[in-house]
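Each chain gets a letter, A, B, C and D, in the order it is written, and its residues are counted from 1.
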Amino acid sequence: APNSLKAATVGVAALITAFIVILLLLVVTHPSPAALVASIASREIQFAIYLSIVTSIASTAISILIAVPSAYALARYDFLGKHAVNTIVDMPLALPPLVAGVGLLLFFGTTPIGKALAEAGLVFIFTPLGIIVAQVFVNFPFMLRIMRSTFEGISPRYEYVAKTLGCTDLQALWRVTLPMATSGLIAGGVITWAKGIGEFGAALMIAGATRMKTETLPISLFLNMSCGELEMAISAATILIVISVVSL
Amino acid sequence: APNSLKAATVGVAALITAFIVILLLLVVTHPSPAALVASIASREIQFAIYLSIVTSIASTAISILIAVPSAYALARYDFLGKHAVNTIVDMPLALPPLVAGVGLLLFFGTTPIGKALAEAGLVFIFTPLGIIVAQVFVNFPFMLRIMRSTFEGISPRYEYVAKTLGCTDLQALWRVTLPMATSGLIAGGVITWAKGIGEFGAALMIAGATRMKTETLPISLFLNMSCGELEMAISAATILIVISVVSL
Amino acid sequence: MLEIEHVSKDMGEFVLKDASLQVNDGEYLVIIGPTGAGKTILLETLAGIYPPDSGRVVLDGRDITDVPPRERNICMVYQDYMLFPHLTVAENIGFGLRNRKVEATEIERKVTDAARFLAIDHLLHRHPDTLSGGEQQRAAIARAIVMEPALLLLDEPLSALDGQTREKLRKELRRLHDLYGITVIHVTHNFEEVFSLADRVAVIRGGEIVQVGEPHEVFRKPNCEFVANFVGVENLFHGRCVQKGDLCEIDAGGVRIVSATCSGDGEVTATVRPEDILISRTPLDSSAQNSLKGTIVDIVDNGMVVRITVDAGIPFVVVLTRRGVVDLDIHQDEEVWITFKASSVHVF
Amino acid sequence: MLEIEHVSKDMGEFVLKDASLQVNDGEYLVIIGPTGAGKTILLETLAGIYPPDSGRVVLDGRDITDVPPRERNICMVYQDYMLFPHLTVAENIGFGLRNRKVEATEIERKVTDAARFLAIDHLLHRHPDTLSGGEQQRAAIARAIVMEPALLLLDEPLSALDGQTREKLRKELRRLHDLYGITVIHVTHNFEEVFSLADRVAVIRGGEIVQVGEPHEVFRKPNCEFVANFVGVENLFHGRCVQKGDLCEIDAGGVRIVSATCSGDGEVTATVRPEDILISRTPLDSSAQNSLKGTIVDIVDNGMVVRITVDAGIPFVVVLTRRGVVDLDIHQDEEVWITFKASSVHVF
């Protein structure tokens, strides 16, 4: 049969696709619609939704503030150690989130800087602030990668022209390059936000899993699974699936 | 100052780089060398290393078996629903691992297929088999993405020529395209393997965290953190950092 | 004999529409056409890479329309070589023979023979990426001919090469064909390859084969406006060339044309640009080597310029300014002299 | 006046080596040189994009070497327009004025004026990506000239445009310069732009400025072999052109040359390819419009061909085959006639 290789390879692709779809449907259809509505209306899930949204928006905003200047520096300038910086800023993507969380825990718990911040009222350990910092640390590289390639794709000559037309360096970036980078900014923002919503391992290490305090949707899923509250757990999972599918 | 924008943006990049390096150093230098050696020599960490290596190698092998044919189908053939397949096979990357784990738990725990497999002796829930399936599900898209773009970068005309020279479709793939795709296969394999070693959320859901049974390095880190065994936890983290840095 | 019968194939970007063509045993057929005309898709359909939507392909009396490529004994050489980069040149050339389970010593003998014929026997242990373009194409041709194919398909085999290498390899292709009597279909958009290689030429356009015939037939008597425009070469002469000192003389249908640019004796094709020809009422005592007497058979005023056809044994098209025509006061059926320099004669 | 004094800059791939140059107020200076010669880096250094490694740039007596671009009042137009895609044409043209905090109504007036001058006032509300290449370049030029810059830098401004658009915009540039008396440095590798635009021309090579002068000076008397080879145009004539019916007559230093391809009266530069000129001992009664008597002042045998210089009031270089020279039996200092067709005269 001339098409047996096609049949076999497309078959594998179709099977794995079917498996993924079935898995998602299993989760989404597991609770009865009534139970799902009741769970979502519960104070606990409401809190988890609220906390997830607040922390993920905050972490996305901070990621943009960190990643955009770094990406610009890496795309436009030559400087000593650029190659090392380029490699290290991608490091959090290769690191297991649990390990990143332990690192953050040690930094904010044991170093003078962490202690000074705590004394100044900025407590990260076992607080929602810790969730935000965990999301930022693990997910800003997504933003940085996308913005780096976006900036690299915009000719620096646009800025040169802007500068001859009276712009400072910063104005040229703000009025010309950033508006041209909008689509990259949006794409990066959506990915960073969706990843932030789903962040679990790093947040678990630094912020812990405290009901109604550091309970984001993934933490809620974990807590309710742990104590057998399947309906609640799967409601959280369903909401997370909806967010992933929408952000894709 | 003409270089203030450069100074500011490079400064941000340098700061974030320094922060990442400090975090990693904090983890690696936290235990005393003696305590680190003692932890690594302990039966528990030895088991975690062994289980991590076995499960990650197994999951990488399975990922290759799934991803290479799928990637080949997506790169070479047109078929009905190709666009949907292309999107859905990337889905596990967008999904929080916890949710993937819940999906796997429901599939193997509640569906007839899962029950049939369990009766045939293939038990995935709370077993190392579950860890492998979790790693495969979450990480095979890395392999698939890399192989898809590798295959897309190899002109199909090499296969055409091979076929006029007497090869079947499968022989052309095996003797021409796959050897030309070696570098992609290695890159994809390393990433899939490193991600598998670090996998936590999905494995936690389906395989649970049972000491000396489903205790991979990330699970060990989690278990030991939970019960305050900081030395043990950080030894596991250190090993994971070394693996991440080496595989980068 | 290869018979292509009403073959159609729609690949979206490229199409083949009801293409019919016959290629005789040992024939060298060149297919020309503009970019995107469906030249490659025709070759790949013949090789069996994809099945046609309709129509039949018959090789030596056997319907091979649904036969997979490996059982057709048709080999293909692409413009960009497609040598397997992970294999040495020797392994590349022997690739097909190994698939046929030929004995190792026999493979080695055949590979060495083919490599020697194509003057790449010193490169057998190298990998393709260390070779020049011309050497790679020689290896690709060797890989095809060791299979002794019933039909050899060449897809713009010389297009990626530089001028000199192209010229050399063109001669090799001719020699190869003459020696092995192999049947060849060669796709190109280079007219020089038509005149130096083709027994017959086919013109393809938008997936349709619009004209087939001997090169001079097609170039002299295009059967439609598209072919006329596409092959649009004026003052095209065919004849025997004899070297005389620095120059060459071409006997084109009894008319002697002197050229400064040809090399070696034999059958050649030559052109002169209509702008390079002067018209006068008396022979010019000038430095120009070519001075011919003829009759004006046609005068066409194109606005900017005037096109005059002078029959001097063979017809010459000359372009003049309108003022030139008025000043010379020349008219239809009058006798004039045409003059052009030996360096204006382009030979290929 | 702009003074560039011993400016050096090493950017790795491109360099500038001890470049010195003066540009007078209102002058149109064209810089030519091969690809990678450092043309763009010179302009960008003048605009202040990067500081030179050494040397000074002085504009109107003020040392601007370390002045940031925005305070230089030097504008730049690139080959590929660099219009801001997120702004309309009007917003692009007014971009610099807004930075100067010019009043909105004043901006609108200036933008409209510049757009009208460049015939793009009907496009002001469009976005750049909906414009043709020529329209985009007009907008980019408008964006620069509304700033009334002390110096306008043009980096191959016509290279990305097709033939006709290029011709048109070249005339616009000339008109713009004549009308506004703006000082222009225009970088190109197109010689036609030199003769139609330049007051003076500078030749740059490997970051060094090797010759500066009026176009005819540089093209007639190259000061080194590089310039001679680079500008290598033979039979280059300068003169007044007068239209006569279909043809034009050019008075080149007293010699009358008839051309078929020029359009309109005025000062022009013309060339004839040496291969297009015939030599004879007597005047030819041919269709060719140009027939001149002259003396052979030089014969150089180059192997394949022989180069003969004939002084016919102005010098003409003619290329013959060796056989042609022998047959004609011509020698140094002899009188001959040279003949070439009006259509062989290329005017720009």
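Here, a residue touches a chain if its C-beta (ideal position, glycine included) is under 8 Å from a C-beta of that chain, and two chains touch if they have at least 3 such contacts.
Chain by chain, the UniProt names read as follows: C, D = Molybdate/tungstate import ATP-binding protein WtpC.
Treat the numbers as computed from the prediction; the structure is a model and nothing was measured.
Ranked by the number of C-beta pairs in contact, the top chain pair here is A-B. Of all chains, the one whose Cα centroid sits at the greatest distance from that of chain B is D. In whole angstrom, the spacing between the mean C-alpha positions of chain A and chain D is 55.
If you average the CA atoms of chain B and of chain D, the two centres end up 60 Å from each other.
A straight line joining the Cα centres of chain C and chain D is 40 Å long. Touching two or more other chains at once are residues 2, 168 of chain A. Of all residues in chain C, those touching 2 or more other chains are 68, listed in ascending order.
By the touch criterion stated above, chain D contacts chain C in their complex at residues 245-247, 258, 260, 275-276, 278-282, 284-289, 304-305, 319-325, 327-328, 330, 339, 341-344. Interface residues of chain C, counted against chain B in their complex, comprise 44, 47-49, 68-70, 72, 74-76, 78, 82, 84-86, 95-96, 99-100, 143, 147.
Those residues of chain A whose C-beta lies close enough to touch chain D in the complex are 155, 157-158, 160-168, 171, 176, 179-180, 182.
On the chain B side of its complex with chain A, the touching residues are 2, 4-6, 8-10, 12-14, 16-17, 20-24, 26-27, 30, 66, 69-70, 72-74, 76-77, 79, 81, 84-85, 87-92, 94-100, 102-104, 106-107, 110-111, 137, 140, 168-170, 173, 194, 197-201, 204-205, 218, 221-222, 225, 233-234, 237, 240-241, 244-245, 247-248.
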